[in-house]
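To keep things simple, chains are lettered A, B, C and D as they appear, and every chain counts its residues starting from 1.
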C-alpha cells in the first residue's frame, strides 16, 4: 500500500494513554510515515512515548501542535468524548485525521466530522484495527469477488468471562468489533433495516452483561450478534452464510481460522407458470471445504499504510469516517432498542462512502 | 423407576408410522409394561409393528381399542392435528395417555386435554424424549440441587444443514427440542415473561429458515435459542449460566458432553448504606472444570418407565401434560412474534404442574 | 463397480457368527450377487441368518456346500484357525473366495492359499473392510495420483479405553486395521524394510496392552503405529506426510475427516558441484488446506461389489490375498520383535500383487 | 518460594545472546535477587541487556566477573560447548550456578560439574524452564500425591512444521523439553531401563527430521516420545496413564490444558490359589473428568525464585544438576540408538538427586 517514491508524510499522535503508544510505534516504523510529535497534556507521558518511538517532539498543547506546518496528519487516541472537538480542530487546521474507535461519542457529532472532512477534502479515517487483520481482509476479498454469493445471514459470537466495565455495557464494550467487521465485509457496508437488541443484567450490575442484536438486512437476510461477559468459555466466531458458499471464521483456532464450505441449500426455479412455492425443487450441496492460508502481518501496520495511501491517492480509506458513523448509528439504535425492551429500531440514514477530492 | 412387585401395566400404541414403532419396541421390552395392541387405520402397517414387537394384537379402530378393558394406557403417535381428538377419547375412556410431541396442534386444545386428565385423575404425559437422555437428566439434577445457583442465562444453539420441511418452519421443526429441554431443567419449568422471535427466509423458501428466540426470565435472566437450517456445520450446544457455576452441554462431543465450570463473576455487596452500584465490588472466580460421567441408557426406555411409575404412584410424570402445554405456549407466542417482526409477545398464563389424584 | 448386463453371481456365506450376518446381508442386497446359501455347523444359527437375508438355503456341511454347482464364490467368516482349511477346500472346488481378516492364522498358510488361488486362476480376496470406507478410498486415490508426492512418513494412532481381549494382545487386536489401511494407500502396498515393536503390559494382564511399531520404508521414510487399550480418550488419526502435501485423517471428526495441507519443508538443490548438505536451501510452504467431501456409502457393500468385479474382469481385487499376506507378514514380524525387546525384524519377502488369469 | 526477611542475593548473567536477556529481566525484577552484572565478550550487547534490566554493571571478562566478591551466583546462557568451562570456573570461585539447558555438551562433563558442585556445597541448577510452568507444576503435584496411582505409561507428542536446524537433529532440538518434563513429573526422575530411538530423514536433510523414543520403565511401564519437524499441524500433548487415573495435557488448549480422567482398566485379584491370569477379573472405570484451574504465572520467574530458595535453604533445587544430567544421559543413549538403527541402549547409571550442604 505504500509508494516508496514519495517522501514520507509527517504524523503526530494525540493522546499517550493506552492506545496512543501503539499508534506511535507503528507510525514511527512505517516507511510511509515520519512521526514528528507526540502530544499529551501530561508531558511526562508524552515524552515516554516519544522516546520509545525513536525521538519525536513532545507537545502538551493541541493548539500548538495543530499550528505546526510540518504536521500532515494526526492520529487521535484520547477519551471518546474528546474525539469530536480535537478532530474538528485538526480538520479545520487542514490536517488529515485518523480517530481511535468510536469515531465520536454520538452519531450526530460523528456526522459533523464526516461532513467537515468532506468539505475540506481531507481524509477522515476510523481506526477499526480488527478490519486490517489478515482474516478480515481475506473475508472481505472473498465476499467482494462473489465467492460466497449473496449474503444470506451472518451470525457472530463474541463471548468470554469478561471484565464488567465501569462506564459501558457489554454492547458498547464488545459489539463495536463485530459491527465494524460486518461493515468491512458486507457489500456496501453495514446497513441493516434496523435492529432489535435484547439484553439482560442478571447479576444486577446496573448494565447489560449479555446482549443479542438482530439486524434484518435489505435483501431479506439477517445479521445477528451475541456478546456476553458471563460465558466461562471464550468464543470468537463468525459464520457468513452465502447463496454459493458459507464461511466460518474461528479466530481462536490459529491452525484453521477460516473455513469456506461449499455446502448449502439450493432452491431451484420451477419453469411452469403459476408454480407455487411447494413445487420449488430443493437440493443440497455437500462439497469440499477449503481453508485459505493467511499471512502473518500486524493489523495496525496495515492500517497506517492505508491511511497514507488514501491521503496520497486522494481517496476514501477502508474504514473511513462513514464506516465509523455507520457503526455508531447501529450502536445507538441498539441502545435505544435495548432500553425499549427489544423494540425494533430503524437505523437512521447513515453515511455513504465519501469521495475525497484533493 | 420400576416396581417389580407390581404386575405390568397394559399399553397400546396408536399410530404405526415413524415414531410408533419406537414406542412399541420400548413398551414391549420394558419390565413395567405389556404391549397388548398396535392400532392404525392401515392394518398392514399395524401388523408389521405388532410382529416386530413380539406379537401384540392389531386394531384398526381407535373406538374398538379404547373399548377394551385390558388397556390401561395408550401411547399416541399420530399426526399432530389428531392428537387432541384421540387423546380426549382415550381420557374419557379412562385410559392414561402419553402423546408424541407436540401435545396438540394448538395450546387451547392442549389446555383442554390437561384439564380433562386432571378432572379424571389420569396421567397425561408428553413424550419429550430428549428430556430422558442422560445429559438432560444430569443437568436437571444439577440445577435442582443448586450446583449452578440461580440461573442467569441460557444460550442454546441447534444448527446444521437441515432439510427444509414442507409443512413447518425452522422454529417448529427444531426449537421444540430446546424448549422442552429448558422446561425440564429450569426450576418451575419454562415460564418466560414473553418472547421475541426474529427470523429470516433469505432463500425465499416461504418460511423462516433461521430464527432467534429471546426469552426474558422472571428473575432478570434471559434464555435464548438459535435454530438454523442453513449452517454448514452442525452445532448442538447449550450454555446454562448460573450464579455459582456455569454448565456447557456439547451434545456432539461424546468424550465430554457436559462441562461444569466453576468460573464466573461475583458482585459483592457493599456494607455502607447508600453505596451505589459503582461501589459494588466485582470479583472473578477461575476455578476447576468438572465433567460428570454419564450412563449409557436409552431415553425412550426411561420415558416409558416414568410413564408407568407416575401411573402407579398417582403423581404427575416428568414432562407431564402441562410441560407440553408450556412448550406449545412459547412456540405459539414465538410464531406470533415472528409474524409481527419480532415484537415482544407475552406467553399467556400456561399450566402449572398438576397433581394426579387416583 | 458392477456390470448390470451380466447375470448376478451366486455366493454362499460360511460362518454365521459375528461377521457372517453382515456379509450375508450385503451379498443378499447387492445387484451383483445372489445369496444362495448360508452354512454353519449350527443349523439354527445358519437358518436365522438365511431368513434375515431373504431366504437363502441352509447348509450345515462345508463339503456339501462346496459340492454344489450353483455356488460361484464363498465368503468365509469362521474362526481364524479354520480359514486355511476351508479356503483351500473351496479353491480346490473351483470357488472364488473372500476371507474375513486375518487371511489365515500364519503367514505360511496364507502364502499357500495365495499360491493355490493363483494356480487355479481364482480370485482370493481379504475382507479388509476399512479399506472400502470413503475416507480410505479417497486417500488411496490422492496418493495414487501424486497429490501428496512421495510418502515421507505415516503416523497412525488408534487408542481408546478398550476391552482387554482374552486371546490376543493389543497388537493383533488393533494394528491389523492400521496395517491393512497402510497396505491400501502406500504405493506398492505395505513393504517396510522391517519392523521394531515396543510394547508394555503395565497392568500385568499377561499381554501387551499398548504397543508402538516403527517401520522404516524403502525410500528412507518411516511408518509408525501406536495402538493402546489404556487411553481414556479415543483417537483414530493418521497423518501421511508427503513431499508435496500432507494429509491428516481424523476419523472421529465427521465434519472434517480428511484435511490436505499444502504445507511442508522443501529442500532445494544447490547447483554448485561439491556443494555439501549445509548449503542446501531450505524453504517452507504455508499454503491452503483442503478438505474433500466424502460420499456416504457402506464399506461392505463396496467390498462385495469389488469382489464381483474382480471375478468378472479376471483381475486381482483391491485387498487381494497378497494384501492379507503382507499384513500378516508385518504382524508376525512385529510379534517377533516385541518378544525380542524391540529388536529390528525384517519382514520376509512377502507376496506381490497377483494377476488372476481366467 | 521467597523469604522476604533475607536480603536479596546478588546475581550476574553470563551471555547476552538469545536467552540471557530473559534471565536478566527476571533476576532484575525478582524480590530475591539483585542483578549486579551482565557479562558478554561483546560489551555493547552486554550493555544493552544491562540497560534494559535497570542498570547492572557491564563485564566483558568472565574471570573478572568471577573475581568479584559481590556476586553470589551466576546464570550461564552461553553456547552449550562453553557451559562446562564457565560453570567449572564459577563453582571453583564459590558461586552458585544455574545453566541454560543442556547442562553441558556431554554427559561426562555434566557429571563432573555435578560432582564439583556437590564437593563445594554449592547449588548447581539446570534451567529447565518448562518445568516451572503452571501445568507441569500441577502434574508433578498430582503424581506426587498419588492422584494418578502408579505410572503405567507416558505418551508425549511434540510435532509441528519446524525449522530444520543447522546443527542439531529433531531429537536434540525438541526432545529435551519432553525429557526434562518427564524428569520433573516421574517419581524419582527420568530413569528408564534404556531407550530405543527410531528416526527418519526422508528429505535428505542430513539429520533425523522425525524420531520416536521408546523408554521402558522399571515398573513395566513405558514412556514414549514423538518429535517431528514435518507435521503440518502443531501438537503438544502428553498422556500420563496411571493405575488410578489418567491425565491428558494439551498445551495448545488454553481453555482446558489439563484433564484428569477417572477412567481405566482394573485387573482384579482372584482369591483362589492357582488361579491363572485368564481368571483375573477385568473391570472398567468410566468416571468423571476433572480439569484443574491453573494460575497465570511466568515460568522463568518461578525458576529464579527456586534458585534463590535452594541457596538459602541449602538444598537441591527442582531441576538440579542431576536432572540436567539424567536428561543428557537419555539424549546420548537415544542418539546412540538412532545411529544403531533403533537398537535398545541402556541409560548408564546417571546421577541421583544431590543434597547440598552449606
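We adopt the following convention: contacts are C-beta pairs under 8 Å (C-beta built on N, C-alpha and C of every residue); 3 or more make two chains touch, one makes a residue touch a chain.
Here's who's who by UniProt: A, B, C, D = Gfo/Idh/MocA family oxidoreductase.
Computed from a predicted model, the values in this text were never measured in an experiment.
Think of it this way: of A-C, A-B or C-D, only one pair shares over half of the B-D contact pairs by residue number, and it is A-C. Subunit A and subunit C have Cα centroids lying 54 Å from one another. Distance between subunit C and subunit D, defined via averaged C-alpha coordinates, is recorded as 42 Å.
Inter-chain spacing, taken between the CA centroids of subunit B and subunit C, is 45 Å. Those residues of subunit A in touch with two or more other chains are numbered 233, 286. Judged by the touch criterion defined above, the protein chains are all mutually in contact, each touching every other. By the touch rule above, subunit D contacts subunit C in their complex via residues 150, 152-153, 155, 161, 164, 166, 196, 198-206, 209-210, 212, 214, 216, 219-222, 224, 226, 228-233, 239, 241, 243, 246, 248, 261, 263-265, 267, 277-278, 280, 282, 284, 286, 341-344. Of all residues in subunit D, those touching subunit A in their complex are 233-234, 255. Of all residues in subunit C, only 256, 259, 262, 286-293 touch subunit A in the complex they form.
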